[in-house]
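Below is one structure. I have some questions about it.
When the chains are written out, they are named A, B, C, D and E in that same order, and each has its own residue count from 1.
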Amino acid sequence: MIVAQNPSPPILELRGISKRFLKELDFAGRMAERLGADIHEELVHAVDNVSLKIQQGQVVGLAGESGCGKSTLGRIVAGILDPSEGQVFYRGQDVALMPAAQAQATALKIQMIFQDPFASLNPRMRVQDIIGEAPVVHGIISRKEREDYLDEIMLSCGLDPSYKRRYPHQFSGGQRQRIGIARALAVKPEFIVCDESVAALDVSIQAQILNLFIELREKFNLTYLFISHDLGVIEHISDHIAIMYLGRIVESAPSEALFENPNHPYTDALLREVPRLENRHAEFAPIRGEVPSPLAPPAGCHFHPRCPRAFDPCAKSAPQLVTLGGERQSACFLNDISMSKNG
Amino acid sequence: MKIETGFEQEISDPLGKKEISPLRRFISDFCESKVAVVGLSIICVIILIAIFAPLLSVQDPYDLAQLDIMDGRLPPGEVSGTGITFWLGSDDQGRDMLSGIFYGLRTSLGVGAMSAFIALIIGSSLGLTAAYFGGRIDSLIMRIVDIQLSFPAVLVALVLLAILGKGVDKIIIALVAVQWAYYARTVRGTALVERRKEYMEAARCLALSHSRLVFRHLLPNCMPPLIVVVTVQVAHAIALEATLSFLGIGLPVTEPSLGLLIANGFEYMLSGRYWISFFPGIALLLTIVSINLVGDQLRDVLNPRLQS
Amino acid sequence: MIAFLIRRLTQSGLVLLVMSLLVFIGVFAIGNPVDILINPDADQEEIERAIKALGLDKPMWEQYWIFLVNALQGDLGRSFVFNIPALQLIWQRMPATLELAGFAMFLSIFLGIPLGMIAGLKPDSWVGRTIMSGSILGFSLPTFWVGLMMILLFAVYLGWLPASGRGETVDVFGVPVSFLTLNGLSHILLPAINLALFKLSLTIRLARAGTREAMLMDYVKFARAKGLSNARVIMVHVFKNIMIPVVTVLGLELGNVIAFSVVTETIFSWPGMGKLIIDSINVLDRPVIVAYLLMTVSMFIVINLVVDIIYSMLDPRVRLGDMKS
Amino acid sequence: QTLKIGLKSEPSSMDPHYHNLTPNNMMALYVFDRLILQDEKQNLKPGLAVSWNNVDELTWEFKLRSGVKWHDGSDFSADDVAFTIGRAPNVPNSPSSLGRYIKQIKSVEIIDPLTIRLKTEKPFPLMPTYMSTFGIVSKKTGTGASTEDYNSGKAMNGTGPFKFVEFVPGDRIVYKRNDNYWGEKPNWSDVIVKPLSNNSARVAALLAGVVDMIDFVPTSDIEILKKNDKVSISQTVSNRVIYMHIDTARDKSPFVTDVNGNPMDKNPLKDLRVRKAMSMAINRKGIVEKVMEGVAIPAGQLLPDGFFAISPNLKVEPYNPEGAKALLKEAGWGDGFGLTIQGPNNRYVNDAKIVQAIAQMLTRVGIKSKVDTMPKNVFFPRGSKLEFSFMLVGWGAGSGEPSSPLGALLHTYDKSQGFGSSNRGRFSNADLDAKLEQALATVDREKHKNLLIEATEIGINNLGIIPLHFQVNTWAVRKGLVYNARTDEQTLAMGVKPAP
Amino acid sequence: MSQSQPTLQIEDLKTHFLTKAGDVKAVDGISFNVNKGEVLGLVGESGCGKSVTGFSIMGLIDHPGKIVGGRIIFNGTDLVGLAETEMRKIRGRKIALIFQDPMMTLNPVLRIDTQMIEAIQAHENVSRKVARLRARDALGQVGIPSPDERLRAYPHQFSGGMRQRVAIAIALLNKPDLIIADEPTTALDVTIQAQILYEAQKLCRDTGTAMIWITHDLTVVAGLADRICVMYAGRIVEKGGIDEVLDDPFHPYTYGLIGSVPSRNKRGSPLYQIPGMTPSLLKLGSGCAFRERCSRADEACKNMPQATKPKPGREVRCFHPHLETS
């Protein structure tokens, strides 16, 4: 009974992840700064204290405007970047503390699919090497099994195996994206980070790839962290959605709940601006202003200068992400008020 | 935004049956320019001549015992004391100009290619190291590169050769010393761009080793600009060697390169004995111009920005 | 800007130091200038006296130290050959070289950019092809060979232009220049063209590549969509963009022009620094060699600095502070 | 009328005493007279001194010319000569001073304004020759004047045929005629001297009419210039002998190898027979004809015919490759050996080509030769450090007689006495040493001469050096002019005259 | 809506690129009208010829391209074959163009004011001062704060959205009759896109400027356009009022396109998927270009279908339109 109530740990958990990019000054720069020149170290808080749990088999969407830190977070999850602070747990184990062999195995378990179908494939390798290199190197398959294995993977990604001796440039964008997916699948991952994986594709192709994602998820029991700035796509594919603004998660909720009833004013505004087929002759009422520079984010709640409902405390301190019942979390001072009213 | 031309689409049409490797595609692009193809053919001929010079020559112009000073400065077509016909005349030492040019090509090309090759190895390893590891290593290497590049090549070579003395090895050292930095800079530049591309991230995601990343993924993608730099630098090296020989430093006189042949014949120019300087000059011109023609077309073909 | 200057100055100081040391060691390694300078008739005692007089009997490190201390006070030593301060010797020769280099640069810029732009605008026309073929030739021909051919053709066979020397000069602010008199101009023309040929080709290629690239850019199309005349699009939008690579590369090449004048000056007997350095190397006149190299390097440093500043003015996207070198 | 001269070598300074170097000494002649002058054949003739003689073995008396005026108008006197003798060896920073020609003078005695006596420690027969090597400067302007003052013209106050106008290093030197010159007045009101170091450029400048006269016409262009009707040529043999210096002293010589190029413990060059064979293997006529294009004279001794103390017994070694082979065999080197010949490539006329030609010839008789030529700046220091085995060098006897090459090249190396300073082969022969030293202490002209001839014969017969040829120097002038070609390679505007 | 002549009337326009590999029929016989004050949406997948249509109208086809047939009647004049000098007077003054990538359309090395003032002075003989004032007003009009200072800035000092607004301001400078907007929001975030769409909409309403909005994003057109043309492989396969077409597409391609847009009611389930991919314009056969990917295709489709008008105000090029659903 107790065991049942304590389900297995989430496949992936982020705790207090921060990533800072610091552009340091060299010797001359420091001298000049002393002398009063207008030069400073530039610190970008790309990801700021993000916590997130992803359950086995879930698709978690991560949305937000350009530069809000989505890709950075995705890269940290995929192990390409190390976080400046915080821990990444994979199946309950801190990735940073794993012994080397296990760390490598985990690294293979988490794969990434990229945005640019042109830049994400090595133009000087044949498809068979792009897909087949890593499984052979890591001993997942033997060299002899390679051909069959390639055929199998390519087929499941909707690629004709007879193309495997070709180079990436001989494929269309959609096919290239499939090759990228096949490359990731070839090392038998459990978790896939999709960073804007359909953003560069035409609608009709985009639909093909989205369908492929859904299909593969069932077939291989995959878990996705699906990053996109296109809320339509996110809404379509995700079970759970996290909205980021300037490095912080401002709201995180199951998709239905989020779209039905956004809590954070930023989520609210964002959702209203998503163009939809159903909205004809729309009256556009945009949020004023643009995302501030991450070099000098506004104090307090980063969103407050653009927020129609901002009030005093918003400029002073940053609201914490609080659980609002169910799986919904939001970081807004308005919730404190409504909660205190309710309570 | 990429504008796709019909041409490219045809080649890359995944539904089509044609399979065209990058090499084939590159060759077809290259052959677009007739001049470049002519240039390439000339280079091939020149290389063949250089390789087979001993078979093609009536005389070993580097073997003093085969030269007779009494055959010196014969005009084209004259017959030497030993019965050899000097089709392009002979120089002041009685060296058959045609044989001299064949051997000179050998030396010039050899020196150019060798120095470019060594500089390529040194420069690109340093450049790759700098780009891949970044940080202090990068700054250190690149500062040295900057310093090296801020010295004009002629001067460095001049001073260096004055110190080192004569010899094929010496001139190769000098040429490498003035060339490596170009490769380092080029490789680093491209490697920095390529390193940030998503395929590198993907490769890292696949937990591949550093050496695999650098040599199998990064290096091949840095090649196109390198190839262009190599051609240009080979041409430069040949010209620079000729210039240095002309200034009287560089190669030993008994084993003249094209530049040295020109320099030797230069003083006979005014007196009407044009052949000593003129024919090697033409050979040098042909060599450098055709290398540059090829390099030019390579630059166009390999430049992603001009590629449709 | 300050950071940029500090970075540059420290770097330059280092370069100068390292370079002077290397040259010092290098020249030391070649040998003793006295063997060449001295009259062959001289006996051993005389040789020793001369070695002492030139301070060459001291160990190298001591010589270098003495040199450094003096150099910091602006004294780069006296020419062994001419017995005048090496710096003064170079100053005397510098205007001639700078004039030659400047004139060559002038030619390559004012011919190269228009030609390159024409070739870039009409890459497939016969004009464009001719220009490009010409530039490949100019790029490939070794300077010395062209110089010889030019003398042969223009001076000897045609007799149009003088073969060598500098011709009449006029003092402008105390600096003799020759391009102001007809005679001077006729003297400078051949060497300047000779020296300019390579840079001219380079400029043509840069301008052509830049133009071709710019013409493909959206902003050119947008400019035309605004209804601008072709002339304005080319002279303003395209031109300003190609100026960036042209100025940067040519600026840096100015250093090379000055260096390459070694060859041109030798052929045309132009009384500049290039000839001086060759002569000095031939007689191992170490103070002059070191001073010359220090001077040219300093000149490069200044040129690079100016180029970077111009670059940052031409390209508003660039901040000087971010520049490394 | 203006005369424009294109010179191969530029003087390094206008100071007549700064640098003992042919271009300097020659340009100094334009402005500064000497006590004794040399004619174009290097015979001595009166200059500022009208006569000279020995008062005793150790004292030389010079009678000075009267009525000579300095360019600034003041009078010339013995004071100036004394001042010059004091200054010439002591110019600060001089890389090569004139002290060599003056150090024998123990004291100077001014008898009257036009008589001066020079005393030596030992009898010194070369005194008049040495007094013809340096220009006399004015005491008035010269006192305290530095080299810079001469370059700028401030101290350029001479008695010579030309007055100094300006010196722009690397570009030109300008003179104008001294209308008050005591001797024959030059034909030119103005002279512009331009340094044109590049051979072809110099010829081109003459052809293009930029200059009226050039020196060191490259051998390859002489033929065509002779045919050109706009110019004329004047030639004469020079006092410069081109020779091969041989390592005759060491048992193991650095560049002698066995036939296969391996180092060898024996030095065949020590064997006179081998040296003789090498000399016989060299086709001097071939070199003169083909390399020098006829502009040289095969040499059998240290100075060409017509100079002082020429041996009538020494003949040019005939070309005899068969004899050379036989001789080599006799000496036990029938299989030959390996040798690298060094030489400069920018010092003498066609130097690098001669080296190659010699390598050809030696190879043909079995001495496998390689060639290594280098710029003079590298060559001479290395040669002086005895790094070579067999090298090409040249020697111009500035004094016009054989004691200078004998002392510098063939006398045993002796630092303390200043002998053998250029003896890069370390040839040593006690007989020769004795004869030469005796000659140098013999004031009697005839005895002196015979001793020198004997010494020369010893040196040449023992092949301390192998003489190749004497350079013939060539000047080219615009048609309508003639130049009295000089054996000492000097190019003097005074010697240029309109063609008769 | 008045019955006056449409601002732009395109009849059977054909623009081909005569490349070495063959003729690329980028635009192959399209016809449509744009009326005053109307927003026409031109949608289609990448490479179907949308931009080429826009450039054809502007007379700015790149080198191997040529208008090989048809007429472009703008305010009564045929622009095809118009002299370059005449065309220049129309460009930027009567018809303005906005491009997709705001990073690329402004010249990076020229200041904003230079680029705006030249656009005015190219058409009107006014002083710099006056032109500058007008430029400032235009910037204000598109909602750029403190336009006076911003005029002196360089493009790189602006964010993407701001740059696109500058481009719009430039388009507005000469109060054109027609604006061709070629995917002006594709590179922008949703929030910024909303701002641009807002400006564009306001503009058409306030000034009565007609607009052709080129995009591949049906959802954007849905909110903005009055009428829509769907392009496929150089031809317009369907056109009509926005509501009618989106609610009731006739052409199988339009049908598929709409089906493949993710939307609320299709969440989680697979999207409608058009098989295959866009064909190469080089190798188009004579028949319907879509037939390879079309589920309804049959022998008839090997011929080129002609435009039919199954309903008033609607037009479709298909032998087997989805008429039964309506």
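The rule is short, and it goes like this: contacts are C-beta pairs under 8 Å (C-beta built on N, C-alpha and C of every residue); 3 or more make two chains touch, one makes a residue touch a chain.
Only a predicted model underlies this, so the values are computations on that prediction, with no experimental measurement involved.
Identification of common neighbours of subunit A and subunit D yields B, C. Path length between subunit A and subunit E in the touching-chain graph (shortest route): 1.
Centroids built from CA atoms put subunit D at 46 Å from subunit B.
In this assembly, the C-alpha centroid of subunit A lies 54 Å from the C-alpha centroid of subunit C. Mean C-alpha position of subunit C lies 38 Å from that of subunit D.
Touching two or more other chains at once are residues 200, 204, 207, 346, 375, 377-378 of subunit D. In subunit A, the residues that reach two or more other chains under the touch definition are 26, 172, 175. Among the residues of subunit C, those in touch with two or more other chains are 30, 148, 152, 156, 266, 281.
Remark: subunit B residues 2, 11-12, 14, 19-22, 139, 197-199, 201-208, 212, 216-217, 220-221 touch subunit A in the complex. Residues of subunit C touching subunit A in their complex: 1-4, 6-7, 10, 321.
The part of subunit C that touches subunit D in the complex is made up of residues 30-47, 49-50, 53-54, 78, 80-84, 89, 92-93, 96, 148, 151-152, 155-156, 159, 162-166, 266-269, 271-272, 275-276, 279, 281-284.
On subunit C, the positions that touch subunit B within their shared complex are 11, 15, 18-19, 23, 26-27, 29-30, 133, 136-137, 139-145, 148, 152, 156, 209, 212-213, 216, 255-256, 258-260, 262-263, 266, 277-278, 281, 289, 293, 296-297, 300-301, 304, 324-325. Taken together, the subunit D residues at the contact with subunit C in this complex read 12-13, 15, 18-21, 91-97, 99-100, 147-148, 151, 168-171, 194-198, 200-202, 204-205, 207-210, 346, 375-378, 380-382, 384, 395-396, 398-399, 404, 408, 415, 417-419, 421-422.
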